[in-house]
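In what comes next, chain A is part of two complexes: it sits with chain B in the first one and with chain C in the second one.
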Partner chain A sequence: MKDIATSPTTAASNPPVQPTEAYFNSGDIVRISATRNVPQPDRQLEKLAKLIDVSKCIGCKACQSACIEWNDTHPAVEENVGVYENPHDLTPNMFTLMRFSEWVNPETDDLEWLIRKDGCMHCEDPGCLKACPAPGAIVQYSNGIVDFVQENCIGCGYCLTGCPFNIPRISQVDHKSYKCTLCSDRVAVGQGPACAKACPTQAIVFGTKEDMKAHAAERIEDLKSRGYENAGLYDPAGVGGTHVMYVLHHADKPQIYNGLAESPRISPIVEGWKGVTKTAGLAAIGLAAIGATLHGLFARGNEVEDHDDQAADKLVKGEDPDQDQGGHG
Partner chain B sequence: MTNSWTDIKNTDLVIVMGGNAAEAHPCGFKWVTEAKAHRGAKLIVVDPRYTRTASVADYYAPIRPGSDIAFLMGVIRWCIENDKVQWDYVRNYTNASFLVREDFGWSDGLFTGYDEEKRDFNKESWDYQKGDDGFVLTDPTLQDPRCVWNMLKAHVDVYTPEFVENITGTPRDKFLTVCQMIGECSAPDRTMTSMYALGWTQHSKGAQNIRGMAMLQLILGNIGVRGGGMNALRGHSNIQGLTDIGLMSNLIPGYLNIPTEKETDWQTYLSTRTFTPLRPGQTSYWQNYPKFMVSFLKAMWGDAATAENDWAYEYLPKLDVPAYDLLRMVELMNHDKVNLYFCQGFNPLLSAPDRGKVTRGLSRLKMLVVMDPLATETAHFWENHGAHNDVDPAQIQTEVLELPTTCFAEDEGALVNSGRWLQWHWPGATPPGEAKHDTWIMAQIWLRVRELYRQEGGAFPDPILNLAWNYADPGEPMPEELAREMNGRALADLTDPATGATVLRAGQQVSSFGQLRDDGTTMAGCWIYAGSWTEDGNMMARRDNSDPDDVGMFLNWSFAWPANRRILYNRASADLEGNPWDPSRPLISWNGERWQGYDVPDIPPTAPPGEVGPFIMNQEGVSRLFSRGLMRDGPFPTHMEPFESPMANVFNARMRGNPVARMFETDAARLGTSDEFPFVATSYRLTEHFHYWTKHNPVNAALQPEFFVEISEELAAERGITKGGRVRVWSKRGEVWAKAVVTKRIRPMTCGGKPVHVVGIPLHWGFMGSARKGWGPNSLTPFVGDANVDTPEFKAFLVNIEPAAEEPVA
Partner chain C sequence: MARRPYYSEPGDRIDSTAPVTVSRYRGFIRGNHWLTAIALIVLALSGLALFDPSLYFLTGLFGGGQTTRWLHPIVGVVLFFSFALMFIQLWRLNMPRPEDTTWVAKFGDVVKGNEDALPELGKYNPGQKFIFWAMSGLILVLIVTGVLIWQQVVGHMVSVPVRRVAVLVHAISAVLILLVFILHVYAAIWTRGTLRAMTRGTVTGGWAWRHHRKWLREIASRDNKGPAE
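Let's turn to the complex of A and B:
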């Protein structure tokens, strides 16, 4: 008899020692990039969430280390550029990053060192997925996990355009887009994300979104008792809520946490093209994307440049995106 | 630690001073977050830098490196002045009422008896007044001006908030806020825990820093209680085990002493270790010293240790100096007094101060043997790595052997954590390549050395030829064999002298050090580990995490020395009648017949309260606010400047550093002054790395890739240094090049009316491994250590800094 893993409610417990089958799989996908009429699964998985308590985080980077180890990525040994962030930004080899902000509280004149773990927020309404022109490159499961499927990725970078949090990064090596998977592979077999497992202070916890909200409420109460009147939960409504949430001591000022978006929304360009001109746009973008893949593989790094944005804009308006780009996809 | 990591969750207030727990001990720090989240505990950080620990603290106060004693004596003064004293505890569980000799005193920053020539004190006057019965005279009313309490009051009187601010640079309002938060913990139902590490030890008066906080904790009644204690956070995995089993040049296992050359025979050695009680009826547990020592000698030499030959005492080496510590060894190398140096799991090229002197010393050896899992800088000290190791290999004749060893994850055995827990572990991987266990290497060398002695004799072959070596495979003793030997066993049938009943049969493992004898019928390699491997098996391998009533003791998880006790001095958690000071936080209590509770009592189990004092290891039966002559630099901590300081000692301008710290002749000339080196430097660890190991790991290297120094925005502006720019930092002893991290987390302080800038220098980089090549702070630090234990002064020294275009090419 085979054991089926159960949905994890915590990242603290040890994994089962016997092999287990995934408790969710492709049958639980609710959205697929560039694909209409996705057949909806006949079951709804419990919504999951990772909660990052910024007030408990000590900035030790164990989460970064665990992420590298689990995903077997190889971030470069860079230079020190006068800050603690290393690597200096998210990369195709670094899906999560501690960002450090030195903020002087104007009310108390006291320094606060705000350390935020940056990475994919796993939006309920994912801008990356909506922007993605490659069928099946981005999927969303009914538990809320947004996953990239690299074999379907064409490296166009539109996911980054669609992302209100500036998260995905395109590899210069294989021209695929990468970001945090919420450890969908671990979660499927009953384990929490690697970062949550490694976090020594349980600043990162994982479970059902409902449980995480309840846990956050306790933490917020504690912070308020310590004088953080504006402590609160970051679960922005503009993207339908997120499956990665923050407890912030200053929830009224998310931007002080190294530019965390105050009210993130999917770019109107992406929303417009999904909503109004989806069919025409997709047809055009499909052709453009194939050109981009062949051309881009050898010709350039797949960065989203101004002309990409302009091309997307034109797509939305029903124009030929290549008309004044010299055939450059 | 007096307490355990898990006990920290029981505290009301955590003070992190002399350490950076979140950053250097992130896993253990979880218990601080637990105390904050579930007890509502507060966290105070006092540190020259706003650290990652400070980032989650409730209150932060800056302090000038090397001025901690002034701060702590200031807090004690404030507590006394504001009646924030746990009076019942102080009167009954400390030596506050003991009378001090009339000829003891303090003036000009010095205690009585100073001999400038010898750099030492004659400590005769640092003692109690004794009656005709040999016991110490006391005044329980604390009225006598010579009682310890009044002597302490007089001693700390000078440390006013103004004085503290002037010396430490801590703004007065911040200092007073810290005092108030600490003072609340004098209530019997409030506790504070002190978490410290190398930020206190690595000073020329490091031991006195720790004394200062220990005294404060006694005044608050916070020793022996849940959520209290003096908690030293040990850095290296198993550095606690290292000290326990006596890997110090002047110790043997279980904190017993190697004899000095004056102790030529067994009786002389024992005569200074009688430890007779200083007050009537006290336990003075060290009276059992001969039992532990004889059992150790039996473990060493087995049947060759007999009553007739004084248990082979003559086989022990005798010290001609207080200790052959690291600094002395490097000094001796520089004088051609060392031929062969063994580095086992040690990287002195980056760990000993004044690296230039270390390089010169290693270069004068005939042979250097390095046993290590990694290719260390020390093993490659002779290689030219440009500016990062600017040596000429042709001029170095030292023969270097690298013996690759396994690392902890490939070994079986026990690691002792900061809370004294011996946690057995099993190998997680097969050793790579030619790596061998340290035990195999040592045994193989030993067998060959013994063979040479057998064949060729020698000046004194007996200790070598008679060493007990009863292992199944003499070429590789097994971890189990060594662990059983350290625990100890009966060598004959043991009977209870009172009842005549048989306690143990010959050959059986002892279950506690209480069973050890001084008549040769027991052996134990390390008496404090007795109970770790008994007839019931390996207690260190226990993994039962049950914890009745969630008190945080976990008595069935691993084994804690001594006697599986989780909180030392736990008798002091109860009042005079034996009831817990804090009924909501009981630990042990007296039930009318015996002591019982959640921990193993640190008192004879049937000793009624009021008769035997709670500090059974001390001859006094109580704890010491006045430490007699037990420390070289004074019975009370007194403010001393670092050897390199921006200001003169306010008590005595002639006094440099610690007046009794050892200073070798040539090193005094290598000390800098603030005219030439205007900035205070301090060194520390970063959480991304472990010491000099993890730079060999590409993951850690990516997370913190390159050597940097941290300075304030003000100093950067003053020196024209930009964020991320390259700087040169130099001291009287050397220079390094680094990237500049310009930060608001370091602010200039005002001390003695002048601004003091701090330059923060993390360690972790060298010229081997995966990270970018860099330097350790030891290229800059002075060659002087703590007066009592010779820990180098890495936390406070002087440097200069300037922008630099590029690293030089050697």
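Let's turn to the complex of A and C:
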């Protein structure tokens, strides 16, 4: 019998020689798209997180390569258009992307090369899951992983509409949505995500969310001692915190990192669409349909009367139909 | 040719005199109307399926979620063009007329079916005109917002903030057009003798006299000049 894997605490460890059983499965799902009253699991898994220390990233793209290799995706070979991003954007075949920006610090007049590894943030309150109309196409596990189940995906693109970070990409080949899985298949057998495993500077680390926060605190302290007074952790509260976090040297200005959202949350428009519009709209349609049916069945219709027919007859014959209208009326 | 009729279409005519029947819609427009009707019903069922999880089972009518997502916008384009054709044919007689104000003011008599108290009307009453313009406006909004969220065609060209507004406006307009649709069907059934205008294409003389007297008068005066007299 195979041993059951344990929740990973690092991405650095090597896998065991013997195969292991997944330590979490569909029984640990806490949220399912387009599904009300999801039965809650009796156990709570340890919350996990990936921490990306932007200050340690050298922009080598080993994470992208590892992601492509592990997920067996095939991003198209593109044109070099004079920027470092490659491919040009996240695609259905590229779940993570190094985004480069050249920023002149107005205080020091230094050029800072800010490199942010973009990809799914694994929100505690996922906008994609809220917007999705297909039951079971998006699930969230109690360890925080938000995963797309392509089998149930219908390719409508609502997940992208709901996402506060502009992450999911819909394939024009199979019309299904793709994004970072946080390597849920690796995590289930106790391994860290492929990107974290491949990172040569350990700018990407992985473990329990608590550990990652503690590690981030050390890093922030170090950065502050080096003159980055505004260094901080990016774990935005507007989406309930995220399971992919950043250490930023300028945490007061997340937008300088290629437009990282300042205070992300599920858009009020999406909330209104999935909330009051749906409830009030269905109620109005239902009431109108039932009311019209009942009234149509039981109320008296507007019938044409005999004198109407007689009047028409006279009119068509060229007589004056209005003459004795009063007598019949 | 004589001046264009004011209350009727040139093709509207007395179909028979004993009993009196009046031709209201030719075959082409009836066929187009039913194409539009079928398209609207398909759109409503497929759209509702993706609007609320409790109605997702409706995707089964179309062969599952993927095909529903694929079919809905295509039928939307069909409806847009079939309705556009109807719009070209119907807009002129759906323009507001002075007597419409009186009709609306006496809406109580409309509901009671007390039509002797109402002004004489042309081919359409203000209620029908409301349906026409509401459908026209909502279909325009739905096609524009629908194309903006048509993932298969526009892909990632439309920005996320635009998608959000488009999807919300699309949902609200869809709710409104379904309410207008229910009103349209209800009124056509409540006003007895109306449905045959869209099946056989004709209405009885009594129906025309009762509901659209100016329309009937204009047609009768036109046809009276013929040799039938």
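Throughout what follows, the second predicted complex is superposed on the first by the 272 of 329 C-alpha atoms of A that agree within 3 Å, B and C clash if a C-alpha of one lies under 4 Å from a C-alpha of the other, contacts with A are read in each partner's own complex, and residues count from 1 in each chain.
The working rule: contacts are C-beta pairs under 8 Å (C-beta built on N, C-alpha and C of every residue); 3 or more make two chains touch, one makes a residue touch a chain.
The shown structure was predicted, so the numbers you read here are calculated from the model rather than taken from an experiment.
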Handout entry: Larger contact residue set on chain A - chain B or chain C
Key = C
Exercise for the section: Figure out whether A:Ile58 sits in contact with chain B (first) or chain C (second), or with both, or with neither. Expected result: first
Handout entry: Touching partner for A:Gln172 - first (chain B), second (chain C), both, neither
Key = second
Practice task
For A:Lys253, decide between first (touching chain B), second (touching chain C), both and neither.
Solution key: neither
Practice task
Classify the contacts of A:Lys224 with the two partner chains as first (chain B alone), second (chain C alone), both, or neither.
Solution key: neither
Handout entry: Shared chain A surface residues [contacts with chain B and with chain C]
Key = none
Fill in the blank from the handout: Listed in rising order, chain B residues that touch chain A in their complex are 22-23, 26-27, 29-30, 33, 36-37, 40, 50, 52-56, 58, 60, 687-688, 698-708, 722-725, 739-745, 770-772
Practice task
Using the touch definition up top, name the residues of chain A that touch chain B in the complex.
Solution key: 55-62, 64-65, 68-69, 74-84, 86-87, 94, 102, 104, 110-115, 200-203, 219, 222, 225-226
Practice task
Would you mind writing out the residues of chain A in touch with chain C in their complex?
Solution key: 34-36, 89, 133-135, 152, 154-158, 160-161, 163, 166, 169-170, 172, 175, 267, 269-270, 272-273, 277-278, 280-282, 284-285, 288-289, 292, 295-296, 299-306, 308-313, 315-318, 321, 329
Handout entry: Contact set on chain C toward chain A in their complex
Key = 14, 17, 19-20, 49-53, 56, 59, 64-66, 68-70, 113, 115-116, 149, 151-152, 155-156, 160-161, 163-165, 167-168, 171-172, 174-175, 178-179, 182-183, 185-186, 189-193, 204-210, 216-217, 220, 223-224, 229
